[in-house]
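Same chain, two partners: subunit A is paired with subunit B first, then with subunit C.
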Partner chain A sequence: MTAPLSKTIVLWIFVVAVLVLLSAPTIVILGASFTSGNIITFPPEGFSLKWYEKIATSRDLWDAFLRSLYVSAICTIVAIPVGTLAGIVLAKYAIRFEKSVQIYLLLPFTIPLIGSGIGLMLIFGEARLLGQLWPVGLACCVINLPFMIWAVTASASSLDPDLELAAASCGAPPLSTFLHVTLPAVMPGVISGSLLMFILALNEFLVSLLLTDARIVTLPVQIYNSIRSIITPDLAAISVVFIACAALAIVLLDRLVGLEIFLKSK
Partner chain B sequence: MMPAALKGSAIKPKLEWPTVAVSVKSVNMVYDGVHAVRSASFDLETGKFLTILGPSGSGKTTLLRLIAGFQRPTSGEIFINGAAVSAVPPHKRSIGMVFQKLALFPHMTAAENVAFPLKMRRSDARAIPARVERYLDMVRLGGYGTRRVHELSGGQQQRVAIARALVFEPDLLLLDEPLAALDRKLREEMQLEFRRIQRELGVTTINVTHDQREALVVSDEIIVMDGGQIQQKARPSETYRTPSNAFVANFIGVTNFLDAPDGERRAIRAEKIRIAPTRNGLVGADTIVEGIVADAIFEGERVVYEVRVASLGDTLLRVFDHDPSAHSQLEPGSAVYLGWTAGDVLEFKP
Partner chain C sequence: MRVSKSAYPLTWRIMDALEAFAAFVWPARFGRAIPWMMLAPALLLVGLLVLGLWQIGDVSLRTLDTSTFLMSEAYTLANYQRAFTESLFAVVAWRSLAGSLIVTVVTLTLAFPYAYVMVRTSSPTIRKLLLIALFLPFFIGQVVRAYGWLIILGNQGMVNEALGLVGIAPIRLLYNYWAVLFGLVQYMLPFAVLMLAPALTAIPEELEAAAGSLGADWARTFRHIVLPLARPGLVGAGLVVMTLSLTDFAMPAILGGGSQDFIANAIYDQFFRTSDQGLGSTLALLLVAAGSMLVGLVFTLFGAGTLAMGRARR
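On to the complex of A and B.
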């Protein structure tokens, strides 16, 4: 590796610039959350944990946070069986309308969330489900399910098709083959997909905004409501909590699946 | 043919000996418009090691998968130990299989892989660990049971796959080119290993390969397939010495075809042709032709010559010279004499 010096310098400048751009919002919010002043600023004035103390003792925020966890849990619990089966079927069988299904799986990137949100609001309104919390989890699941299916499909398509035949020749009937061989083999995809679904539901704002009312707001909506009145450093502290949740998910992923495998599967 | 242990004893062998373990009767397989197997029929005796040899696309793997039960034949029937099995799903057949890419369960240890068939076939749970240990010992992997599959070398993974296929004492062992991916040295080592284990256990075995050397080394019998059809079924030495047609002769060994005016095809093996710089060196040969050395390849224990023979329509004959010390190596361009005896010429009906 003997690239000319000028080339090395240019490359490094790019790398550093990208890293700064990507991490700037996180660093700013992290710094701002430790300010001892009363307004949100960066760099922070002094150092204190008082804003963390404030959010920890705020009843409203805790309730909203617990509701968000509940929504994420519902979303993940529904997504695991549905997404896993759909992912395996998509990877294993040459199904009809495969092209159409693939296009459907691109929807989360193409249809604006406001569109799907309003659609779901109409459906749930018609079914008289608005005002409850579990439909929000279901909605998050519907909107983000393609991510889960992708994760599982990536695992399932790298599966040696002979594995299931090998299980059969070992005497395993189809159900045992699925439980003992197919499922464990796609587990890395199931785990990464579930963590992704959990985090996406935890952060979901627009759909929650449309489907919740004042009594059952989730944390992102609660934060949005606060911003409309006054921006105080406690919002920075809450954001740091969100970042911590995402970081936790990544650590879990690394422990359970291995980040290398996760990144390769994309 | 009675086993030695039974000779002269009061115990009478069962009605028929030897018995037929596998019987394939007029099996056809057509899928996607491809006639992959054409009216294949053969019987295999219990305890024998059969190799199905053929180029890729010859239908050999399809035939193996039909026997395993992964596919159902379009027509015809397969019998295992006398029972028709076409309607029996693979997990209810007593067949151990070693796959081309091994298909070991990646999330299990070596011992868990070997224990899996026993668990699925509801063996006595207390007896499983000892049995697994015994089979790991048999494939010389004693003490490796706790390793994960990816922690084992290629050869060790092969052995785990063999132990997994044999641990439940199946009626039949199927080998789907499991050695194809190995390097030559390991492949030859594993061929002998397969042979040793198969003899030790006496399990009826069907092996699929495109490697003629492997087929000759390991088998009691060889089936040569081409274009979905069985070309010949015979013992290895018979297959080599008296190939039933031009395809078999060409596929096994190095064969020169000699143009014949009467329509029959005549051929001679490369090692049956003698080569000498003078006519005097070929005493005893029935046929002697003149040629020009086109190429000479030194391979250590032998020299391979390609000789252009004008009297045979300018064909290139390949000649193995197994005693290169008899005369100095002949250089390309030099005039030589080739000779052979009439008894070594193979003749095929067109």
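On to the complex of A and C.
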């Protein structure tokens, strides 16, 4: 059945508008980063890589970027076991208080970020942990944990429970069953979940702003602080690092599990 | 028959040892506790947030002594009184609330057709393209995206340069309410589409065909078939967009330039400008309460929608 023309036109007007809205900042930043002028204009006046040279030699920016990578790594390493185990339980076991556990585990989403950030700032301050980086990674893990759990439950629900029973009846002890049947089945969820966790922690701004001080700012906070003072194209060049990371994450996600996984209905 | 060493490889021995260890740590009679043990790390991690809220609650009951800059020892409700009576906070609260409502309506209106086309298109290439266009900004982060808008909308930005070419004086496009809302809509679009898409996938295409064959034009099919069936997705997406934009910090801070503070900015200022932790905590706690009431209200009225993460209902 072919759709009527008017429907196609109306729908595509919306789609194109959204496409422009979504892509405009990315395209503009890419363009601005290659400008040879000092003030950002678009189209860029002349092509040059001088802003990339400038950021390549800027210690501040590189340190901030490395700190961001470290925070994301901590976040992901913690999230993988914690989220996978919780996701499998929520998807497969009938436990008491199931509803309450679900609502509790959704808290990171229902508590506003500023509330979570301030709360963590207060308890980390009390425990004298502020000024270090790993608590920032842990905080990023907590506030995004539902993403990891969602990803795992989505793939665990499609695992037929009979498969585990079959493995057990073939003589596999519980741990073998878990490692050879359950874990491979939820792997797509673990992969997409951990990619999400990594990239969201890399971009996390507000919680980093609250938990870091001037000595250990992460890259988004560094950019934010520079925006407040003056806008120069080196910020565009460093933003391209984020765009590159995002593109890499999308390629990985697409290769490993396929982006279409996000369209699946539960 | 002689059993050779290789018949029982090393990996099997390791697995045996691990199994024995697992059986020792989790004896079968603890079977019923296993799900809870698997849940424990997640429950503990999220417990940090609960602990944080408790701490916020504690600090919110203390006032700042402006002569010594110490928090009072005794508990008092003075901060709550200030939060409810000072007109500044009422202004900020209304600005955030109205803003998030507008953002929700606009975002859902824009996201719905996008999600629909993405789910229904017969071309895998278009679908992939739409998905990539969605994920790229989603993965880039708020600060960088806001920075892009600064380049486009700034006083010497692209739009004003273009207007200058046709002889129109620069317009101040940034640092006003609409700039903040515009930035928020762009920030929320990926969230909204990703929450809507699974709900739209779940609607059988045959239903639309059936409505068409019974004489409904596409607009009526949309209105009476697609929209009602997509309700779980609309509820989930609307709730996420509403709460995230109500409590956003970066867009008002960067695109509002300090004159368009939302609640989160007011809280931040209390902590880091005025150093009044008590009042800041009070505002934070009130925001958490307002957000939770909103979520609770929507959940009881419409159900958890696509936000539910438990087992499929059987």
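The working rule: the second predicted complex is superposed on the first by the 242 of 266 C-alpha atoms of A that agree within 3 Å, B and C clash if a C-alpha of one lies under 4 Å from a C-alpha of the other, contacts with A are read in each partner's own complex, and residues count from 1 in each chain.
In the analysis below, contacts are C-beta pairs under 8 Å (C-beta built on N, C-alpha and C of every residue); 3 or more make two chains touch, one makes a residue touch a chain.
None of the values given here were measured: they were computed from a predicted structure.
Asker: Figure out whether A:C141 sits in contact with subunit B (first) or subunit C (second), or with both, or with neither.
Answerer: Second partner only, subunit C.
Asker: According to the stated criteria, A:S176 is in contact with first (subunit B), second (subunit C), both, or neither; which is it?
Answerer: both
Asker: With both complexes superposed on chain A, which partner does A:A185 reach: first (subunit B), second (subunit C), both or neither?
Answerer: first
Asker: For A:L206 in the superposed arrangement: first (subunit B), second (subunit C), both or neither?
Answerer: So A:L206 only meets subunit C here.
Asker: Mind telling me which of the two, subunit B or subunit C, contacts the most residues of subunit A?
Answerer: Touching more of subunit A: C.
Asker: Contact-wise, after the overlay, does A:D160 reach subunit B, subunit C, both or neither (first, second, both, neither)?
Answerer: first
Asker: Give one of first, second, both or neither to describe whether A:A32 is in contact with subunit B, with subunit C, with both, or with none.
Answerer: After superposition on chain A, A:A32 lies in contact with subunit C alone.
Asker: Just checking: does A:A168 make contact with subunit B only, subunit C only, both, or neither of them? Give me first, second, both or neither.
Answerer: A:A168: touches subunit B, not subunit C.
Asker: With the touch criterion stated at the top, can you tell me which subunit A residues are shared between the subunit B interface and the subunit C interface?
Answerer: The answer is residues 173-174, 176 of subunit A.
Asker: Of all residues in subunit A, which touch subunit B in the complex?
Answerer: So the residues of subunit A in touch with subunit B come to 160, 162-163, 165-174, 176-177, 180-181, 184-185, 187.
Asker: Quick one: in the complex, what on subunit B touches subunit A?
Answerer: Touch list, subunit B to subunit A: 68-70, 89-93, 95-97, 99-101, 103-107, 116-117, 120-121, 164-165, 168, 174.
Asker: Going by the contact rule at the top, pick out the subunit C residues touching subunit A in the complex.
Answerer: For this pair, the touching residues of subunit C are 15, 18-19, 22-23, 26, 35-36, 38-39, 41-43, 45-46, 48-53, 55-56, 59, 110-111, 113-114, 116-119, 127-128, 130-152, 154, 156-158, 161, 185-186, 189-190, 194, 197-199, 201-202, 209, 212, 217-219, 240, 243, 246-247, 249-250, 253-254, 263-264, 267-268, 271, 280-281, 284-285, 287-288, 291-292, 295, 306-312.
Asker: Applying the document's contact rule, which stretches of subunit A touch subunit C when the two form their complex?
Answerer: 1, 3-4, 6-7, 10-12, 14-15, 17-19, 21-26, 28-29, 32, 39-42, 78, 81-83, 85-86, 88-95, 98-99, 101-102, 104-116, 118-120, 122-123, 126, 138-139, 141-143, 145-146, 149-150, 153, 157, 173-176, 199, 202-206, 209-210, 220, 223-224, 227, 231, 235-236, 239, 242-243, 245-247, 249-250, 253-254, 259-260, 262-266
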